[in-house]
Amino acid sequence: MNKKDRWAFVGMGLLIAVFPGVALNVKCISHYVDVMVFAGIFSLVSLGLCMLMGYAGQVSMAQAAFFGIGAYSSGILTSRLGWNPWMAMPAGAGVAALVAWIIGVPALRLKGHYLAMATLGFGVIVHIILGEEVKWTGGPSGMVDIPGLQIAGWKLTSEVAWYYMIWSVVFMALLFCLHVIYSRVGRGLRAIHEEEMAAESMGVPTACYKVQIFVFSAILSAIAGSFYTHYVTCLNPGSFNLMWSIRFVLMVMVGGTQSLWGAILGAVLLTFAGNEWLQIFSDFEILVYGAMLLCAALFLPGGLASLVPKVIGVFRNSLTHLCKR
Amino acid sequence: MGTDFLQYTITGLTVGVIYAMVAIGYNIIYNVTEIINFAQGEFVMLGGLFAAFFVGTLHLPVFLAFFAAVIATGCVGFAMERFVIRRARNAGVLSLIIITIAVSILLKGSAMLGYGKDPHCLPAFSTRGPIMIAGAVLQPQVLWIFGVSALVVIALSFFFHRSFYGKAMLACADNPIAARMVGIPVRQMVLLAFILSASIGAAAGVIITPISLMDYDRGAMLGLKGFGAAVLGGLGNFYGALLAGCVLGLAESYCAGYLSSGYKDAVALIFLLLALFFKPEGLFGSEAATLKKF
Amino acid sequence: MQEACCPELSSILEISDVQMHFGGIVALKGIRYAVPPGIIQALIGPNGAGKTTLFHCISGLIQPTFGHVLFEGRQIDGMLPHKIARLGISRTFQHVALFKSMTVLENIMLGRHPKTKSGFWATGLRLPAMRREERKILETARYHLDFVGLGDSANLPAGTLPLGKQRILEIARALATDPRLLLLDEPAGGLNIRETEVLGDLIQRIRACGVTVILVEHDMNLVMEIADRILVLHYGSQLASGTPMEIMDHPAVIEAYLGGG
Amino acid sequence: MRRLKKWWGAAGLLLLGILFHFAAPPFGWTVESPYRIGAVFSITGVGSFLGEPEKKTAEMIVEEVNQKGGINGHPIELIIYDDESDATKSNLAVKKLIKKDEVPVIIGPTRSGESLAVVSVAEEAHVPLISCAASYKIVTPIESRKWVFKVAGSDSHVAGKMYDYMKSKGIQKIGIMTDSTGFGASGREELLRLAPEYGITIAADERYGPQDTDLSAQLTKIRSVQPQAVVNWSIGPTQVLAVKNWRDLGMGYTPLFQSHGFGNRKNLELCGTAAEGVLLPLARVNVGALLADAQPQKKVIMEYTKSYEDRYKEPISSFGGHAWDSLHLAIAALKSVGPDRAKIRDFIEKTQKFVGQHGVFNFTPQDHNGLSKDDLEMVVVKNGDWALAP
């Protein structure tokens, strides 16, 4: 972690910590804490996807499937088999990791378009399975009355408690990712993204790293899925379809593929956009989504995160201008 | 049992041919640009909806509507290349994937706003009643589907092997830099590829609509299965796509008939994954060198 | 057609009858050659002679169609490139393949990959062993940076360096893997005379450290000045091999380079 | 320098936008102490064909009531959020209604999935919620559904009505086909569950995806077991496909039953003549004109039909009827007990003989739905229109 990231980390930590205090006292944004809980859950997914897209340079259109695998594992294990949610969560992550590994080993030999299509197809298959295995998943009508989370016998019901729990998990994941990025493995990943052949010749086991990151992103998605399940306490396959995979990719794209901060920013922005700000667009929302995706890819390949240094530069310049005057 | 089998076969071949047409659309664009156009399925949807509009609202005769829809969708393909893909010519693979996905979302969204969410229908091309073959039912429209797609395949063959533009397009596919050096306008060829593949997609959309109706949400699934056919047939391989499309359609239909109808949609996708994982050059593609030839 | 091979018994690299076919094209038509340790071996020949193809075969980026490659007596054809890198072969690329948005220092640190081992989870959790290793990587990388003389541009993005320094940096990155055999693919390509001199000097210093160097190069002045042995390839076959003096007087070489003109 | 100005301008605009966002909605126009009612409908997304008429109906009713002086002098302020047919969004929308808007009662969500996603929210916050969706899970188990009601009939009612009719016609062996949406799956569950009760055997049980382009394979398979009737239970275009394929396969001699989802005139138009003879159980709201004058619901249905069709120039749909029922239930409660969440809940639970669009509701502490299969009518398609089945 370099100095900039350390400052950003502390800054964001403070911001996240004081947010409920502010929001809850202003009536018209009091429900923003709820939105932020979902934003936190989606941030976990987008963090994993950002590692995969931005650092390993691979695209996955199957994150919603892993999100779903985690969610359904938690749902089934707790409500059908009576497991403790805290036990179900790692189990779900384990299942997702296994599936990701099985899919990843052959899929990651593929490149670019092929990989995108393969993950897309896989995502749709998982969605079909969730809808078909009625005995386990409840089929299209889904599952209800899934137990919530408890910490030391205390039931987690208040939004603020959820908020702090989710965001501390996000921060742990972020810290983990940052550590990876600024280390031996992270350098290897960035190298793969830039010059795969050279990286391989310099001793980076490219195939192995790609699979590892793919599995890692699946684990993060699955954990997010578990939290989602226990937060909403019901499930249906509609929350894990292709559109969601696209949304996750969009979060990373808008935030900036090359920045973990961007991934979180993208997740938060898009969750707010989808639930609050774009409501006025109603049916036009799908167009807005498409246009955003297109613009991000065409005009802002670095995402919003790439604007930050520019904005800082502009401010710095204007400050020096003012001082000179 | 025999009757059922025949019925499943007819059903399977009907959708299979449609998948094949989608696959051919993928192939044309892939051949010239090495882009996989995720919006391919939306062209099919647009074709069907345009035709429904021309018949339903403008009261054109079906055949005129067919051509009008094909041309209109061709224009969409034109716009997509001219205003989006061309801007992104220096973009990386990841960006291109996102861009074509974005276009597909935009097309789908526009179709939803323009045509509403209800399915639209189209009268059959000929008004004859269904034909019975050994107890199985064959709708005349199915024959139209076979006929039109056969025509498309033959016309494309001629185009690519006989006409100047077709040969030039193949040359671009082989080696764009060399093609540019000998004076082939590569940009124009890319444009042509998009128009052509949009038109073929639209044709598929129009001929299937009398049987299956059409709504704004169909594109993604058709596109995915069509891609399955394209990969299975060897990406870029033209007859391979046709054959693979039929294989997929039949597999789906038999699965629905004899195994589980719920998993029908998964069949084509599982085929796609298996093909990608174990034989990415496709069942009918031979080697990387010949991969891009028709 | 073949020259007598293996003048020394102990060779660091042995290429035995390597053939490479691409579809109908035969890029290498059965190369037999052995490189003794501790020398600078040059590999020359006109464009399309198969020099880079041979490099790719040695470093594992492609698999030879027939034949074997032995490194220190161990068969390495069929191995993945990163495994070969671990064994002690490193290389540079004809078209500089640096990680352009990473800093100069990071590029070299990446070169330490085969010699270090902390995995994904260890780095994410920042285990103590990983931290120790990371400190060592940094130390070694700085050493190599100074060795090639790029110490003052450590924190610049690699893509911003001028070409001459990029070539040097690529060599430094390769050196960071602690190779015993270093493959340099046209390291002087695009360099001016001054830069080429520095490069020649560097290659000789590398040999002095005990690293065997194989060099593909078109700059004959450089080759004649620093190479201990030269192998001439011509359309996928060996044309001649020997010391620079022998090659200069070799009739077949003169024929190929001048007579065919 | 000019570039700099541009930047400042953009920053200023952004700031203005943010301020505006904070300032705009909550402090809008308010008359004296309005009664708030919250609503969550799937106005967009895949469920929009349900949510759209619901929203229109609700807006119409609120306007009518307010014109007549509101509830005991209090105007109604209806706050509608769109859940976009997405469970996450519906969850957030309900939380927003409870926290930000502090509504005493919520109507909606439109669909079962979204409703189930908010049941626990309503329970925990102690806010009465009147769902417009059908799944029985919304109101069972009743111990953990104290605050949740629903006004849509259960699928068991529909299946029961269908089976009643079959029994009266001597049909014993049927083939069923359902789509893989929540709607189809729930229907399938009920069809399978209730069949033995009515002495009906299900000889073929087929499923398909909502996006399927051809159902011949499924129908062929059903045809091969020679059932006395075919039941199709799906939503969207597949309902039309089922009718077309059924005709094309020459199965016209085997009666085709559709679910209540088919009760939309658009479907009749798409099917054309192929739909002749298709049978389905429908809520009375769809067939108001066919009802006998003595029927208690006739009056409210005809009134609603007239004002809706006058206002929006489009036929009513049964889904708008759900919004009518739930909103009027909420209004009745507000009228009697005022904006008190607990009292509203108790009021609804005790409501008896409430005449709505979808039936006469009789709520009890054990039954938070209040409808039965007798609130449906068996309908047949005749000359391109509905007719009461003989």
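Should a chain be cited, it is by its letter among A, B, C and D, assigned in written order, with residues numbered from 1 in that chain.
The working rule: a residue touches a chain if its C-beta (ideal position, glycine included) is under 8 Å from a C-beta of that chain, and two chains touch if they have at least 3 such contacts.
Please read these numbers as outputs of a predicted model, since none were measured by experiment.
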* Structure fact -> Under the touch definition above, the chains in contact with both chain B and chain D are A
* Path length in steps (a step moves to a chain that is touched) from chain C to chain D -> 2
* **Most distant chain from chain D, judged by the mean position of its C-alpha atoms** => C
* Asked: Of the chains present, which has its C-alpha mean closest to the combined C-alpha mean?
  -> A
* **Whole-Å gap separating chain A and chain B, where each centre is the average of the chain's CA atoms** => 33
* Asked: How many angstrom lie between the CA centroids of chain A and chain C, rounded to a whole number?
  -> 41
* Quick one: chain B and chain C, Cα centre-to-centre, how many Å? -> 48
* Would you please write down the residue numbers of chain A that are in contact with two or more other chains? => 128, 131-132, 283
* Contacts with two or more other chains, residues of chain B listed in rising order -> 221, 260, 262, 265
* Structure fact -> Given the complex, residues on chain A that touch chain C span 176-177, 179-180, 183-188, 190-191, 194-195, 197-207, 209, 212-213, 216
* Given the complex with chain D, which residues does chain B contribute to the contact? -> 1, 3-4, 7-8, 10-11, 14-15, 18, 117-119, 121, 130, 132, 136-137, 139, 208, 211-213, 215, 217-218, 221, 253, 256-257, 260-262, 264-265
* **Contact set on chain C toward chain A in their complex** => 59-61, 80-82, 85-86, 90-91, 93, 97-102, 106, 109-114, 116, 118-120, 123-126, 130, 133-134, 137, 173-174, 177
* To do: Flag every residue of chain A that touches chain B in the complex, lowest number first.
  => 53, 57, 59, 106-107, 110-114, 116-118, 120-122, 124-125, 128-129, 131-132, 242, 246, 249, 253, 257, 283-284, 286-287, 289-291, 293-294, 296-298, 301
* To do: Would you pull the chain A residues touching chain D in the complex into a rising list?
  => 26-31, 34-35, 38, 128, 131-132, 134, 139-142, 144-145, 148, 157, 159, 228, 232-234, 236, 238-239, 274-275, 277, 279, 282-283, 285, 314, 317-318, 321
